[in-house]
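Read from first to last, the chains carry the letters A, B, C, D and E; within each, the first residue is number 1.
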Amino acid sequence: MTDRPTVWEEMPKINRDLLSPLQTTTWTYYLWVGVLSCFVAAGAGAWTYQIQTGIGQTDLHHPIFWGSYIASFVFWIGVSHSGTFISGVLRLTNAEWRRPVTRMAELMTVVALLVTTLFVFYHLGRVWRFYYLIPYPNQRELWPNFRSPLMWDATAIFTYATASTIYIYLPLIPDFALARDRIQGWRKTVYGWLAIGWHGSQAQWRTLEMAIRIITPLIVMVMISVHSIVGFDFSMALVPAWHSTIFAPYFVVGAVHSGLGMVVIGLYTLRRVYRLHEYVRTEHFEKLGKLLLVTTLLLAYMYFAEQLTVWYGQVPDHMAVQNSLLYGAYAVPFWFMVSCIYIIPLVTLVWPRFRQWPVGLMMIGLIINLGMYIERMLIIVPPLARPRLSFQWDEYFPSLIEFAILVGTLALALLLYSLAVKFVPVISIWEEKLGKKHAQEH
Amino acid sequence: MSQDPQATEEYSKTAASPYKWEMVVDLDRCSGCEACVVACHAENNIRISGEEEAAEGRAINWIRIERYWEGDYPNVKAKFLPVMCQHCDDAPCEPVCPVYASYHTPEGLNAQVYNRCIGVRYCGNNCPYVARQFNWFDPHWDEPLAEQLNPDVSVRSGGVMEKCTFCVQRIRSGKEAAHKEGRRVRDGEITPACVQSCPTSALIFGDRNDPDSRVSHLKKSRRGFHLMESLGTHPAVTYLRRLSE
Amino acid sequence: MPKNTETTDRHVVLGLFNPATFLPPVLEHIRSQGIPDLLMEILSPLPLETSLLNKPVRIPLHRLTIIGGIVGIGVGIFFAAGTALLFPLVTGGKPIVSIPVVGIISYETMMLMAIVVTFLATAIKIAFVQQSGLRNDPRIDEGSVGLSIQVGNDTAKAHTISQLLQEAGAFEVEIRTIASDS
Amino acid sequence: MNLYRRTLLKILGLTAAGSSLPGCEREVHNLVPYLLPDDNIVPGVANWYTSTCQECEAGCGTIVRVMEGRAKKIEGNPKHPVNEGKLCARGQAALQGLYNPDRLQGPLRREGKRGQGQFRPITWEEGLAEWVEQLRTHAGKSAMITRPVSGTLASLLTTLMDSLSGRLVMYESTGEQTLRTANHLSFGTHDLPYYDLANADYLLSFGAPFLEHWLSPVSFGVAYGKFRQGRPLVRGRFIQVEPRLSLTASNADQWIPLRPGTEGLLAIGIGQVLLRDGLTELSSFHRTSFHQTFSAFSLEDISTKTEVSEEMITQLAHELTSANAPLILGGGPAAAQTNGTTTLILINALNVMIGAIGRRGGLQWMEPQISPVDLARPGLASELTLMDLAGEFEQGSRTLLHLYRADPLFTLPPSLKFERVFDHAQFIVSFSSFLDDSTSMADLILPDHDPLESWGDVVQQDTIPVPAWSVSQPVVRALYDTRPIGDVWLDAAHRLGEPLRERVPWNTLHDMLKSRWQTVLTKHDSPQSFETRWRETLQEGGLWPSNIPMRQTNTVIPSITYKPPEFLGNSSEYPLYCYPYPSLGLHDGRGANRPWLQELPDPLTTGMWGSWIELNPTTAKALGIHPGDRVRVTSGYGSIEASVMVFPGLHPDMIAIPMGQGHRAYGRYAKGRGVNPMVLLGPSFDGQSGSLATGGTRVRVERIKGGSRLPMLEESGKNPVIGRIQETGGL
Amino acid sequence: MALLAGSMAMGVGALYSIGSADLPVQDQQPVRFSHRQHAGTLNIHCQFCHRYATQSPVAGVPSMALCQTCHESLSETTPDMKMLRIYWKEKRPIPWVRLQRLPDHVYFTHEMHLFAGLSCTSCHGNVSGMSSTPRAPTYEMGWCLTCHEQRGASHDCWTCHK
């Protein structure tokens, strides 16, 4: 036992600081939750209306069978990559700076995955028959078709959702134990259950660490497969401009891009609201800024490779889509998207000084996510709107009901996250302590 | 029923079934009169979409006449292309369905089982011919229009994909009649509604496994081509090119 | 609840130390009391790098993960190939059992089962560590290290060890008695 | 093929009108059994009954699929000589007339002021009593406007109106009066010839929309298929000349646009070349008379006026002579001008020059046959005849108006002021099944059965190689408390007593029909009894003798002076020609209450459920109008507003508007939808035939605010060009 | 624990059979008709009353006139026979409660099943021993499939789905 006492002495303060969101709640929080609940209720109402009257409440029509719901599905899956990437990849690479970021990113993963699943249901024409998708023995003696990329997707997302829940839960056990000992009332009971008898013995620590060590590479592999399969949903189709080999890796990188953007937003907001400046420092923003720069470049490289191939090949089917993007019906959103996810992040993030400006980074995160949302729409809609039979060319813009559901679901995601913040320490307490210890030792 | 060994060889894929239903569209005969469109609506209980839905691009047609312009005034031409489900042998729409609502029958039909469909609409995206149509809402017929509905075809509810079936109900009853007499279906005995109504006889339907059927003969025409052949979907619909000098 | 016999109760001694305390001598003392390492446990708010106790760590987690993965592959093959064969329907000219599909589905289910099995094993391991009766003391999380020793039903020994811990610098020592059939 | 079909179908003939068509086994949670079993009906098994299509005057034979008392589908009768088992969109949509939700369900009496559209249901007894009372009051002053009817019903109506000193006017806005007049003037017969398209190898058509609605479109469609691909080694060549690329023109190998109304001039040009180059063999009489006619203009002059190049005129003439069996048709826009009859006579003259008269692959007339109904079809009325009728109402010599399936207030331009008839008529009785624009002005409505519920027969002797006498039988039991018009008239005649009763002694039209058919069926020497023969006839769908000899026709073409077309409105104020054309689905508007037809995309514009204005792209650009913009079209007589569709196949100085929309009544699907282009037309007539010159009014177009999303099948509305679609093999 | 197991079993059962087309209606007919009496005791052949079974997709309910062919000459010994007579006299059809009904998406034809050599009892059970209206054991897709499999009938979805 050679450690200097400082980190041990700091522990009460760390406990206090990081548990305080769980213990004290301001009226602004209630207001925020109230407002979000209203939006969620509106969204739920819109969905109910859509189920009652028909999926025609969307603006979809042939040949554009997929629209904002699937775009949102892809987008939210992308967001879900934040947690896994930050905690998984950075844990694998032993990046110490990850510590205050992992928990809030993992929370995002879980929330985003919940929301993602919802979009599948919004999208179904007959959602009340969703159980046809579940592989279980039934009187029809009929199973789902696993040859469909959608079943790959369902399997992958189920795996991913289960794994991420496990992955956020495991490091939470010591923190739940901590909360169990410090919070009274019904929550104590819940924390008690969730802490599954944690008492901090070395045997427990060792088991926990080993489990995390095993699961981390696995979940990174799942993460990559999940978004690859989401990419496969498109690239397996014969639709011009979908049928592309680069889609799987491109989707993975794109997901990380928007995921990181979302982490920056979350990090900034939580730091501000819960005054976590001591734990979340400029250094973290700078590191995330660097990562964002890398994903920007990587994504731009892939996108360029893809579009260049189309342009040089001049295959008319594909050109029809590209033309509609470059100067056709979708030019405005296309160029807006290009500036949001490539140009603006690139010209700002290359400046080291900019990367040390949390507000600026938060703005970039917002811009990137806005851009990525449009990018998801542009991946789905223009290729569908330009089928090979030009007689069927068409346009699409989401309807009001779609917007209500999209906004409602965004509100739901924020609401779930806000509620989770009240239940789960947003920074992993023991990992933070461990990080401090490591820092002091070196 | 004499079987041409070569034809059998060629269609060994479907040899499990005695029939392989195919259609020929003679573009040199097609006048674009759209009798087939109404015939299809009447036979297959296709919903009336109404003005609003039609304006949203949601009017349902299992067979539609596409019109393409060529040239400018005064040397302008309008050319018609009847497009229905091509019943591809290697249909892109089939494998993407997560619940087997879309699959291939042993007789070479691209089937859609309405009650199995949950409306993910992937098949619709993946059909290069935009042949698949979706019920965005529950259908509605002002009374007593519903009296006309064909009891041999189910009425599709909202949220379900549908498309041309080659009038499978007619194929089914034709086969039953032949089966009861212990024989094969004769050429021309089964006609889908569109084929039946076509004034210029631009549409021909028959069994590809019967080497003497009209379809088998016409398929060999030098005018023949498939829509988007290069996609490798192997459609069961053969088009015969319109002649022009 | 009536106590049946005194003898079946077990005692656990918990000493709380300042983390700066050098523990090895303390442990030696306790070992000399005839208490094996197996009955000792160090409680900490952090995982400690150094292992002061000589305990075999036998957690076959890796093996369980691999077994889970293999089971997962089986599940995947059943889903992708088995269910397709149960009701063979041709779609798009693709084979009923498509190898790439089996690969993809098996990959996902392998991961799923591997992770779930690993997790379940971990959770069970954490929840049912051999030494029952170990309780967390909130003060440990505030920055101390706990040393807990199981002394069985020997009350005298418990007191001895308690004494020992106090002498070694524990700022708090506690003897817990656990009814055997609780 | 048809042979096989017969084994599959059980074509049945009903022998008694009242045969108990069943109640049903409905998809409810109750099973309701029949009280009495019906041998003809097996639940769950379809029966096919023959009938005759009455959606237009072509008289196609049909078979109707009936299951458990409900008509499910109409198909062409494979044995019928007109349509050979085929049927057009409108014929198939007749089911939606039968099951139309807006059908009148019983007799109605007007309440409130005339035209307010308020009616109260009454009993048949009340209605009949009142009507008979009115017939007595207005003795000798009644008139009846009907859509053309034929066969027994026509005979009955003629007899009755004759006895009542009434005036029977059969009017059809697309009745091809111009063609009938021109043919009469050319060949001295009122019968239209059979145009043997199937055996022609070259077709030059001056606007005849024979694949859309002209004369007998299904029959022409069948022939067209044979013309193109029905013969080994021969593929007919087809040239269409008209200012708008119609559906028919788009099937042509070449479409030659020309200035509206100059079709006759082009015919002169072609004839001139034929005569000049000695490409025709004519009697010296014709040679002289034709020479006068065809040399009146120089080729150069013709080329300037028609906008067809001299080379093209020469080429057409040469192609006509090099073909083995050329055929020339004229109609559509060529007939819709003030010089329509002249133009068609000139076209007939060309047919004479190329020797198409009486030739295989040309124009043929058959020897007249004895038909079940002696009177084939009373002559159709032209618009001028209707004006004459209107005059009689104004003068008060006619006071009682009967309407039957005719909607003159909708199909006639308001500028003709036909509402005078309705203003002056003291009592109006309508037998229509729907509350259309005219019927809603009626005082008494005694709704007819749907054709699928009633007995009837159709005599077709025009435009057909053999005469077809088709029957229609009630295939379903009447849905509502309606009565067949024939029965109602017979009832009234009996109420009016002698001498009417004596002239029409039958109780129902069915009785009358059978008695008339008895004469024919027993004439054909057959040992079988009439009932057997009648049953067979019903199973066949009618009677059509084969091997009818062709009739020799004398050409009596007078020497003709070409008149340029006249247009209402001066070209500076109204720079554009206006051409309203009958829509493919809705025809003149009678199809507007059938949702299938409303939703049937126009094949060229792909528009549905509405009206639009077609403009040439160049013209649109010059006027600063984009596709989808809303425009106002104004003539000296009225104006309409609709969205623009840019139409590449249109003469730049012309706009085209589909007819059939813009109903003020006529049920939920038709009412208030789109615009009626007849509003624009002025009183411009082709003097010789008395037909309205629908192309004879000039208009101007101006952009107005707004724009609406017109339903189109082609969703982008971007007029896809063939180059953009891939791998269609160039179609 | 038993409760939990029970509810789980119910849940699994519900999940298994969800989408089955069985009608939950009880056999409560306006006239208490007994198949045991007619088909059993009197030994009337099924197709005497359900006469369309060999020529139509539907077997058909007997017309009222058909009932009368026998009942006319019978004395009214039970209240139900009296009821039947009243219906007939009033020329009202008996609104039988439907017990077997296939959903709209199923194509089923009695004709072809009888042609294939099946007997009525193969699906409807031993009617002559049932006092109430017989019904198929179940209208689940798996039930149809099992029989098709055993008899080598077509497995193609479009054989039965329309």
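By definition in this document, a residue touches a chain if its C-beta (ideal position, glycine included) is under 8 Å from a C-beta of that chain, and two chains touch if they have at least 3 such contacts.
Keep in mind it's a predicted model, so treat the numbers as computed, not measured.
Student: Hey, what chains does chain C share as contacts with chain E?
Tutor: In this structure, the chains that contact chain E and also chain C are A, B.
Student: Please name the chain that ends up farthest from chain A once chain centres are defined by their CA atoms averaged.
Tutor: D
Student: So using the touch definition from the top, which pair is joined by more C-beta contacts, A-C or D-E?
Tutor: By the number of C-beta pairs in contact, the winner is A-C.
Student: Computing the C-alpha centre of each chain, which chain sits at the greatest distance from chain C?
Tutor: D
Student: Can you figure out the chain closest to the middle, judged by Cα centres?
Tutor: B
Student: Express in whole angstrom the distance between the two chain centres, defined as the mean CA positions of chain A and chain B.
Tutor: Once rounded, the distance between the two centres reads 43 Å.
Student: Centre to centre, by mean C-alpha position, how many angstrom separate chain A and chain D?
Tutor: 65
Student: Take the average of all CA coordinates in chain B, do the same for chain E, and state the distance between these two points in whole angstrom.
Tutor: Distance between chain centres, rounded to whole Å: 36 Å.
Student: Listing for chain D: what residues touch at least two other chains?
Tutor: 44, 714-715, 720-721, 725-727
Student: At least two other chains touched by the same residue of chain A: list those residues.
Tutor: 61, 129, 141-142, 144-145, 147, 151, 388-392, 394
Student: Using the touch definition from the top, which residues of chain B touch two or more other chains?
Tutor: Counting only residues that touch two or more other chains, chain B contributes 57, 66-68, 81, 92, 95-97, 100, 103, 106, 116, 228, 231.
Student: For a test of understanding, state which residues of chain E touch chain B in their complex under the given definition.
Tutor: That would be residues 103-105, 107, 109, 111-112, 115, 156-159, 161-162 of chain E.
Student: If you look only at chain A, which of its residues touch chain E in the complex?
Tutor: Within the complex, chain A contacts chain E at residues 129, 131, 136-142.
Student: Can you tell me which positions in chain A touch chain C when the two form their complex?
Tutor: So the residues of chain A touching chain C come out as 1, 3, 5, 7-12, 15, 135, 141-147, 151-152, 155-156, 158-159, 162-163, 166-167, 169-170, 173-174, 177-178, 181-182, 196-211, 214-215, 218-219, 221-222, 225, 229, 430, 433-434, 437.
Student: Can you name the residues of chain E that touch chain A in the complex?
Tutor: Touch residues, chain E against chain A: 15-20, 140-143, 145.
Student: Could you please specify the touching residues of chain D with respect to chain A in the complex?
Tutor: 714-716, 718, 720-721, 724-727
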